[in-house]
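Below is one structure; the comments refer to it alone.
Going by the order they are written in, the chains are A, B, C, D, E and F; count residues from 1 in each one.
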């Protein structure tokens, strides 16, 4: 975690003892394409026409198709690489909010900050505040994530 | 919403005025296959080896590959069909917890209960408690979802 | 079947006794994207260049790539949701005709009319006339479909 | 068309003048996997539980999941390669029947016979009887296909 | 191999005895779409931002996203159909070079020349020089491929 | 590059000046599933029956379906993460050999060694020997890769 490179940082890339509250991370970016929306509709089975029907979407307050909220959350998990052996399990999420739409062609990145760590003995639990931003620096989604993290192998 | 059929119910299939707190719904089922895990790893970019490396997963406390938490949440959105024109927007999620692993071959369904409705004038906001269960009736994930719902066209 | 909503109807959503000749249905829409054509070529293995080679397609009477006929038929099956437990089996199709090309960006919907029902004792067989139309209301494909439908559970 | 090789033949690989009524063809085979059924459900949006819910399918007369009829028809189009420039357009299908289920692991091939040719002046129309068979030589689907075929470039 | 049709040729479609050094082949074309780049990034797990981040790519010497080199090589294998029973195994590649970028919308074809054949007794080995060209006739990739080829069944 | 973690290393994760001949890397693993073979056949268009027809493959010297050579090479590119901004371009490959088949269920990892670096002034070129191994430690593929690497931003 928190290793510099390309003007950014990576999160969840260290053992529990090496992580400190306040550490921040920025991911690489990924452009959300029309193909991504089609592929996510297909995978999830969620063909709600706001995402998949150009005519219908034109008549909504967004004026065009937008990405599924869960697409945005799923893409975020892949933008934040996790070192094998470090993460034990993904506990859950709180306060997931969709604060701005993602349109076809927008490029998303994840910014994260470690806001809490709890030592549970054999392992630790970390709490991360995650923001997903687009290329206009709008925050598209905010969430609080919790994961169990291994301690360093002795 | 809440229309009987096939021993089950459907959620989010009615306008705001027609929905009542306490209404319950059960979705159809979907078997989570090895292909689903591969396809979700591919889509999201999350190749964490607990999901995608059989040898690595054999050495974890799960003993074999498990589905991504976000895969389970994404599949759930497709199991609960939404009538076009009814849902305005998906607001967000709270208290998302992953309470049991999903293995290859498990069949998931969504059970939902409307726990709150708020009239916002032009539209309404509903709060739904969602449980994702497998064929052994284990609860794999719980969450609270919020969405904005249209009122009946006059 | 035939339940109103969003200015449209749904087909094949009722038991045999509840269906009547003359009932009509209209599906939601789905925009056919370049990604859909690529994905269908990939799935089916049909890379005929009229669908997948922009230079070749420019030299045909269509002037650009068109969707596969079978893509259009496959998408139609997903636009008409079937209630689990109602449909026993899909028998077949007759008089399938491709009457207008589907271009990238067109939005398709299915319109269907129940034109015959036959009681077979334990179950029934229905015959449906299906039209697939685009956003310009052109009929892209017509077909006659037959399916076996369950009677109401007693 | 009709070129020997690997104990089989290929169809629709010749110009109109070179085709003769009675010519027969056999395609290569393709094993239908669980991934294919998942991918077709995803592409088409048809998640009917007979195809995608192992528990539900176990309670039907088939006893397990079966491939979608339209999956079988789509795969067939890719098994019969068409030479670019030969086929003008796919007209349609008649008498499409699903005569035996396709289970996960079955291997399908297409057998075809040219049963009619009509000279339309600038081009020709051919009628082909298609059978889709599995590795047990059961006929899974029969259909009559019509296509417009180019004449030889002069 | 080397059968005329559509102004082109096909490679690797004959038994070892029927192949001669100097035979040339040209494949059909395939347009590389944005969906192809997304799908290949997903399949391979290679999300390097030159391929998948529009903002990042705009700042490179290419000015926009380009296809992965391995995408181009993979597509080439599908453009050159191999007759079942003819090819025993694909040995390997030498001198694979990426000589020009492939942009979204480019249409690729494969041109190949048989440059060596070696009789190994029970089977033969052929060496093919492969060029992948786009619609501007730029060479995007060159490579030398080797494969083991069956002799004619007696 | 060469950062320890999980008993392994990563390659191509440093600027040119930080790389040294002799540095070695080991990737995470990825299990090659039946879905991967289906998805790669679909993407590439290479449905050669040794990869996709269970009956045909049973009659070959491998006795069952094997993964495409190019699938293995493509997966390898995703196993070796590259830091954005470090890699300028992928030059090419030499001496690519497929030395052992990959069966469904095998788990592949990449081992790499930096064997040469050349300073080109504005950037550098590195040469890497890559081995792809399975869970039985068999070498499935060997290759020599060349890439242009950025120097450290000043």
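Heads up, the rule we're going with is that contacts are C-beta pairs under 8 Å (C-beta built on N, C-alpha and C of every residue); 3 or more make two chains touch, one makes a residue touch a chain.
All values reported here derive from a predicted model rather than from experimental measurement.
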Check: interface with higher C-beta contact count, D-F vs A-D, is D-F
Chain B and chain E have mean C-alpha positions lying a whole-number Å distance apart equal to 43
Averaging C-alpha coordinates per chain, one finds the centres of chain C and chain E separated by a number of Å equal to 36
Rounded to the nearest Å, the gap separating the Cα centres of chain B and chain C is 27
Multi-chain contacts in chain F, i.e. residues touching at least two other chains, fall at 28, 30, 33-36, 38-39, 42-43, 45, 47, 49, 53, 56, 78, 84
Contact graph of the chains (line, ring, star, complete, other): complete
Seen from chain A, its contact residues with chain D in the complex are 41-43, 45, 47
In their shared complex, chain B is touched by residues of chain D numbered 33-35, 38-39, 42, 47, 49, 52-56, 65
Residue positions on chain D within touch of chain E in the complex are 5-7, 13, 28, 81, 83-86
Residue positions on chain C within touch of chain D in the complex are 30, 36, 39-40, 43-50, 53, 56, 61, 68-71, 73-75, 77-79, 82, 84, 87-98
The residues of chain A that touch chain E in their complex are 28-31, 33-36, 38-39, 78, 105, 107, 135
